[in-house]
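Okay, handing you the structure first.
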Amino acid sequence: MLKQRIAGLLNERRSGFSMPQAFYVDEEIFQADLEAVFASDWLFACSVAEIKRPGDYVTMEIGRDSVVILRDRDGEVKAYFNTCRHRGSRICLKESGRANRLVCPYHQWVYELDGRLINARQMPADFDKSGYALVPVHVEVICGMVYVNVAENPPSLARFRDTVTPYIAPHQPDRTKVAFSSTIIEEANWKLVIENNRECYHCAGNHPALLVTLVEFALPDDPAANATFKNLMDTSTARWDRLALPHKPADGGVEFRCIRLPFNEDCVSFTRDGAPACNKLLADFTEPDLGSVRMFRVPNNWNHFLADHIIHFRVLPLGPNRTAVKTTWLVHEDAVEGVDYDINRLTEVWTETNDEDRILAEHNHQGIQSRAYRPGPFAPSEFMLKNFAEWYYGKMSDYVHGPAHRIAAE
Amino acid sequence: MLKQRIAGLLNERRSGFSMPQAFYVDEEIFQADLEAVFASDWLFACSVAEIKRPGDYVTMEIGRDSVVILRDRDGEVKAYFNTCRHRGSRICLKESGRANRLVCPYHQWVYELDGRLINARQMPADFDKSGYALVPVHVEVICGMVYVNVAENPPSLARFRDTVTPYIAPHQPDRTKVAFSSTIIEEANWKLVIENNRECYHCAGNHPALLVTLVEFALPDDPAANATFKNLMDTSTARWDRLALPHKPADGGVEFRCIRLPFNEDCVSFTRDGAPACNKLLADFTEPDLGSVRMFRVPNNWNHFLADHIIHFRVLPLGPNRTAVKTTWLVHEDAVEGVDYDINRLTEVWTETNDEDRILAEHNHQGIQSRAYRPGPFAPSEFMLKNFAEWYYGKMSDYVHGPAHRIAAE
Amino acid sequence: MLKQRIAGLLNERRSGFSMPQAFYVDEEIFQADLEAVFASDWLFACSVAEIKRPGDYVTMEIGRDSVVILRDRDGEVKAYFNTCRHRGSRICLKESGRANRLVCPYHQWVYELDGRLINARQMPADFDKSGYALVPVHVEVICGMVYVNVAENPPSLARFRDTVTPYIAPHQPDRTKVAFSSTIIEEANWKLVIENNRECYHCAGNHPALLVTLVEFALPDDPAANATFKNLMDTSTARWDRLALPHKPADGGVEFRCIRLPFNEDCVSFTRDGAPACNKLLADFTEPDLGSVRMFRVPNNWNHFLADHIIHFRVLPLGPNRTAVKTTWLVHEDAVEGVDYDINRLTEVWTETNDEDRILAEHNHQGIQSRAYRPGPFAPSEFMLKNFAEWYYGKMSDYVHGPAHRIAAE
């Protein structure tokens, strides 16, 4: 019956327009989102810089599931559902930490970092521990970014990996450390949070600090771009070509986007004045002005890779009208706080920008609730929202009709 | 299925008794109330004193809908759904304010005060702005009171207007200003808030400050009234007749009520001691003792019009067990705060009374939740609750069977 | 349809394993619990020490029902739904208090302590008060413990009464007074709160203060017990036999449990050091070391009866993931605070223990929410959880199929 309802809503969709109301505000559809998207897709979890040493772990909440992501004794990244096989207690209670073994706080069942149950005190002699390992979660590491997937048979990430690696690898994310991270809660549907991020149509009116450095154009050949931007592109691409850094828009279809774009004239980083945020550059860069690789991947992640730092954004749905956005700033692992970088200076522009975006998304959510809401037309600069809607409609169509349906129709 | 359920509950109703439990506490029936009552009826919104100048606006929340009410350039009062036609953001973010034009905070689409979209930056040349005006909401102004209706074809207000105008107009609400307003949240169903207001059976035990001035009787010929009240009525009506002020109970059926009643002996206003709250009287009154016109209208409004001030009460449902009550005190527009009136003195009696009523309504709601609740009999002085129940049952019956059903049966 | 669902879940149950997920986390099943368990079973309400004098009352919330329990003029304990027969207001607003008569705060209808409506001011002369008595709730007092039942035809408590009285009566609960009580809210399903209490498998890792005095074994012949415990049992039972105090495990089936067990060597009470908490012993005891009678009864109560004090624990469900736990400490009615006992010393061990258990139950609830949760196997020392599950499945089966079904099958 919910599937019928969704099928009906999908029939109402109109290309180039925002989505029918229920997709943004409905409780049942939110539950469908959790299954059709968040329990089926690869999700950005964290940076490898957050789990450098064996036993380092982070936890994340995907709907009702807590997942623990850790580095095992062999240096591999592994992920498990954070639920004990005895009577189901959470095991790792903190957002991040370090553990030699995973010990359940309730009755102290002990799990190895590879997930095996290795001790269950007081259980009978004939108790077969091998049947009670932690339930694994699929995990992939791509250019220092950890992605997890709670489905049984996740799709391949090969195309994504192959495409984005040439852009990101030169920034050497494996040699970074976390300078700062923050999580904010937005009282808005997760799709509104993503849509907000997928266009800069709202930037001029809302992001004074960001626009000091960020160019508002999303494509090198943006038809709306002026001569200044064209000159800037020409100078920048010449420099990047010299350094053998890829920059042209990658073909990620509706799944992902990857491109290198310049900062505004005389700006090299997301700071108030455009000067570097960290004097120790990433990798072995000597050139501070590499613009930024802007990488986005559905459903929950966008990133900036600069010469001097990296920013990851992670979106997780908490409810039909509640979304968590975590921002993580990475710098070179040898950079010294207070010497090479100042945390406030490094983070203030995106901290402000995140808050501005939160307010926009919240008012968007409120307005959409009305009986007067009708899907409205995208501006040309909102072309990425069209991609996002298409991708989402595809996921919901798979959910309603089964994936075979879509493949057969192609 | 919900309609079947409501039909079943309507069959259980018993005249002269409080309503079946579900009407007070059920989540689904609350959703039906939002449609059957709040999306179909005229609702009290505000006083014209709150939007005196062109561009002045107030916003109000009717269920999931935000509505903006404003005065346009021609001095007319207009109302719109507060939802942008681009991607649905709220437009006016404050409870009240002033705007030359309505500019959406998200991407700055600009609407004229008459609702037309007059600018949508960066949209293609062939974009037809005329298809994207703000969605209008019906609005009527009656004796300075603004009523709105979000339905497509609202019923007529002519009878209400014609009946109450002779009572209210002499107080000249157009020449008032807002002295103070407050909003309280009551953890009770909106119908319990209204019922609480429709009887003074609870006054003796709960409203010490109010009863200094308020007579507990609701009708000039109240059978329970004593000789003191009868004398008071005689003296008062003689004075009002001399001043040509109507006072007899108006015939508003179950829709509204309008009557002028005296204050207690030697009292002229809702103050702690009964002395005037504002020395500058309304209109061009010279007589401070005009009793008060008590006007009530389903579903969400009651009022007092005195010689020296006006009080509007506005009820809006927030959930099955949450209701907002806004109180607005108006005085003569030339009255000077600190000279002619003191805000604390003007507002303290009804501020206390509102809070006493909030507690009563909350305990009422809690008790009704029990499996032991059974509809109980009204006391004679609760006759207005019978009217209210009849009106409400009529609305629900219309909702379940369609309005034709009722008209045909009459 | 809900009943079908529950029947399906009952088919999934596996003996010796924790319950299927939905029983712990589902909103609908929580509503079924309220009917099948809390509106059908006898519930522990309070101690008679809380309502010593005529007119003393306590209120408690059972789902959406508030119940008032009081001592009437004849010294009998009575219980009523705390809902006025006029328009349904709550009547007693406090958790405990004293009243000569029950007067509704809304319109002052007056009820005698025996429930009769004795005054309803302003009601017409022909109003028949006899039809509007408070709705009674069944109540039974067993060894100073007040149990209530909101069902129409409660089952018999005779077997429970007859079995536990010999264990508890010697502690003379009628001669006690309340030294302290506290209520904590646990963000966990009520069944997880009960399960947590029904095993001490978690004690070693979580209850340092409690384990100073509490023996971790639940049975005199615990197969896991060591020589120390066996010696302790032998010495203790010899002493109890001498004092004619019953101690062997009672046969309460899945309904209740009653047993006397010793404290650890050299300990006599739940204090930090094991020394007495109150110098004035209960009854006319002279022997401070009587171990403790541990009594549990489904669905909502466990207790300890010591030589020097009594502790009652009362569990009430607030939501699928919210539970209230009230703890009440009783001492001899002639004990003097500051002389015979110190409140902090009396209460600190179980205050800490309750909080430790709260955290365990909350993490248990969180972990069970996951799609990775599967019912897990009980350790031998968790045998009481098997009883609890059996009892609960029986209640749900009765709810789904009707009680006749189960009786016929026996």
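The first chain written gets the first letter, and so on, giving A, B and C; residue counts start at 1 in each chain.
Here is the rule we go by: a contact is a pair of C-beta atoms (placed from the backbone, for glycine too) under 8 Å apart; a residue touches a chain by one contact, two chains touch by 3 or more.
Source: prediction; values computed, not measured.
A.B. asks: On C-alpha atoms alone, could you tell me the rotation angle mapping subunit A onto subunit B? Nearest 5 degrees is fine.
C.D. replies: 120
A.B. asks: Over half of the interface residue numbers used by both subunit A and subunit C, so same, or under half, so different?
C.D. replies: Subunit A and subunit C contact each other through largely non-matching residue numbers.
A.B. asks: Taking the mean of the C-alpha atoms as each chain's centre, how many Å separate subunit A from subunit C?
C.D. replies: The computed centroid separation for subunit A versus subunit C comes out at 48 Å.
A.B. asks: For subunit B, which residues are shared contacts with two or more other chains?
C.D. replies: Within subunit B, no residue touches at least two other chains.
A.B. asks: Quick one: which bits of subunit C touch subunit B in the complex? Just the residue numbers, please.
C.D. replies: By the definition above, subunit C touches subunit B via 39, 64-66, 81-91, 93, 105-108, 120, 122-124, 127, 132, 135, 150.
A.B. asks: Could you pull out which subunit B residues touch subunit C in their complex?
C.D. replies: Spelled out, the residues of subunit B in touch with subunit C are 18, 24-25, 195, 201-202, 204-206, 224, 360, 363-364, 366-374, 376-377, 379-381.
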